[in-house]
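Supplied in structure tokens, the structure appears directly below.
In this document, chain identifiers A, B, C and D correspond to the written order of the chains, with residue numbering beginning at 1 in each.
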């Protein structure tokens, strides 16, 4: 039985709390959030305790693990403190809003040697796993070109970008950067990106973007093109494909139903899912199952600290490239 | 809170027990099965009591509802007894193995006026609901022709056909007969069927079939063709479409992933789901949600007694048609 | 070089004339039609001669072959006369409007031993050929069930049914009957059909139908369900699939483009082709190529006389079944 | 009747010769090629004359139009000479192997005011036209992001790259550059590209590439990502999509048939067409029809000189960007 202390009672905290409560080998013991009402609501729902004292929560010997789903600016610091207290850590992405803080936190977590998992849930999606497997098995040969689409319906709000600047890069695209690394099985060493703010005036005012075209290049010369954006009018668009020397594998969008309706003017199908919650519901559960299994078996959970850090570095490189107009080198 | 007594600890009893246990407004109080070990196993798993005395279970005032998932030959009798005891009834299909017993049981349930729902779970599948909606909304115009495919991978076993003769008709095809009635919104008044036993020798010995072609005709002249069978080599094949005067709506198979893998010799996609449990998991939960909601609001749950009876009559008509080689009239 | 005499200057005569004129090893020498204006127009377009004397045309020693695309009531008679004159014959379907006349004509053609091909062009469609191949190669195992959809947008006109009564059966569905025989590789020995007139009042007055559900059964017990009709609101619907013991093969509709347009309310694709000319353009050319190749190599062209006759017998059996309500046996 | 002089008896010359010969309002009068045997073969096939004197051919008053399908290094020069002789010009892409020569030639053609069409045949493909229409009609709103895939099975040969260095850019990708301009309806002003040589050793030796990732940016900030390459193992991969503010439109690959074959291990579909001839057959015919129609009506044919030049400039910018690693600005 893994006793969890949850940091963050927002959307992701709510998702994780439900999955912890539902898991036969886990229980939610404590919820910490600066917003007391939200924290209390979740705590009450699952018979947990609300605390506003992070230190007390972290150091409570009754907690086996912390689940960090708080403001991204607090991730690395909380992880480091939990590591010092010897807790296992499940940390939402990004590893931190700030890459320097992320690196510092990562050093402490690594030094402590505690189990650590970063919330790149797509690694637990059967579709992306199939794509990964098609590459890893050698079935499509050597990777030449990967193509990813990640477009969300809603633009980040003013509040979102205040909490996590370069929001689209670090909140959405970061998943694709992990996906690229994991599926291609090679490290990008150079990044080029260009970005625009086409639809959301408040993002423009804040110096943020809603449309990104990014290119990754590995040492061997394999390429990856990512199309990311907000403002998708037809649902949460999540596709990927990998072209190899002897084949290709592609993951298409899910659709809410398989119904196709034919009329005189054409045949209409369902759109992709409305948002990430609809698309990835089962993945959040699967990644938590994996984390708990790893704690039980003593294995290191995955994706880990290095994955969280490398994706963040790639995002920073993309941000820098889009700002300077030049490619940016990335080291592993 | 609805307290359930479950009859039957087989595959379907196991599915329903899990969903009852998981429902916030329901609890599994008692499990009854002639196979004590199976019954006890489920009872123990969910903190329920195992009983081998059906009468005691039915008349226990602590039970609000019975869920009948036992041998089909016992369905109508158990339903009648539960009705006399004033219990709400959720009954797996078919309403009974025998149409005369089903009619007698239905009369008693109707007389008692207790809530009754039959387990045609496809009515709770978002895909088939979309098909129903396309017809009910008038979007495709007047129905001309419905086409249904229902093919399961496994042939019924010797034991299956001993318990429920005409097995494929009453265990599998009966879902399609309900689907046809519900989606077309019209009653078939004539049935023609022809059937073969092509692949499963033990079915042939038992006088059973594994391949059925059935045609339904409504009073207005709308037609429905059902292709049913066992021995599907590529998964649990479940498709349907309705052609109308101004359009068409079709429901395709789900696939386990959206991955498509291209090689020099073609592009390969996932097959349909492996079996009914994989295909209809969420529908079992949804139909139970509906039953419990209906009990809570005092509404009559649906599909009901008449639906269970009419599908069984259509199946009997199909069996008779396949045996005699002539069309068979059906009354409502 | 094959010199053709064309009988019939209607839609199909026009298609065949163009293909003859375009073929490097064929030329259109003569056009015969009771409608002089139509006949002359085609003749003029391709540098051919218009004749109103069928006998003179048939017996003209300059003709190597006749292409019969006239009124279906004249097919068998023209074929018999051409056979007596030693001409090679390409005959549009049906072999005749009347099965007795078709049988009589077939006897004469067979006696004369001249090359004969019937216009079942789907045998020259790459999609249906792929389906045929999937069965013939053994890839899907033993055939259990074939399913065919054939629905045309336009209902037959009053004039159409006057010329060819039981129009939908003998003009449209007859293709599917040939398809079933050819793809399944087995002869149906029993036919059941039911039909309705749901949309076209003038067809109802004429005792014709616009919606047909037909079931074929082979001696071995393999089944085939055909859904045929007129009044298809979304294009010329032409699909088929064969379910076998170890696999399944399906042919879907073509679509005019691959464009899919996504909007907030769903994703819209192109409909199937508008009509048979759009769908089967290249097949008319391919079947003629085959006929000319066969003449050049001395091989017997295919599909042949027996195919034309058997499809017509199956259509007659379907018509009888729909009228009497009982299954009808068919002999080879 | 348009009398054509064809320059070039290679693959494209052969395609165009057949279409000219087949066109009711055109005839092929002369074929010019340095390879006499190839030139004579085409000339003989269509009753044309073979000439090895380009000047005589260009200045022959019997020619209305020249069709330039020769070595790319000769395009602009031939076009300029034909323009001075007052001939209408249909010129294969690229406008020239060399951008300076292309610009010089373009100035002369423009000065002469003769009709000029460049062979970007995708503008005559119904699929890409549908995509163009979805954007031009405003249906998908403002363009945010276009994505294009263009991958050909065969790598360019040593001979190909000797004749046209930067082969993949100027022979294949140039179509996509025109497609982007035409479909987006905006001019790219900045280009970034990165490229690799992953599969074809002889290309590596020649300093050529087989895998290209290119990003275009318009003044407004709309983006386009092009994935181009050689060595596609699963056919000629040609896809495109445009994401806009209120919708998305996508063009998928054609497939050689619609057959899908299901077996225990999955469902297999046809691959994309094998090569550009199979994919674009009808487009070559359509673009020539348009050219002849334009000559007949006095309209300027399209795509024109500016289109040919701008696509070439974008290709040169891509080549420069891939070489220098920096984005390159492009002017209109």
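Please note the rule applied: a contact is a pair of C-beta atoms (placed from the backbone, for glycine too) under 8 Å apart; a residue touches a chain by one contact, two chains touch by 3 or more.
In this text, all values refer to a predicted model and were calculated from it rather than measured experimentally.
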Per Cα centroids, the chain farthest from chain A: C
More contacts between chains, A-D or C-D: A-D
Equivalent-chain rotation between chain D and chain B, CA atoms, steps of 5 degrees: 180
Between chain C and chain A, distance of the C-alpha-averaged centres to the nearest whole Å: 58
Interchain centroid distance [CA atoms averaged], chain A/chain D, Å: 41
Where chain C touches two or more other chains, by residue: 233-234, 246-248, 260, 262-264, 270
Chain D-facing residues of chain A, complex: 141-142, 144-145, 147, 149, 151, 190, 192, 194, 196-199, 210-211, 213, 215, 217, 220-225, 227, 229, 231-234, 237, 243-248, 325-327
Chain D-facing residues of chain C, complex: 126-127, 130-131, 134, 139-140, 246-254, 256-264, 270
Chain C-facing residues of chain A, complex: 233-235, 262-271
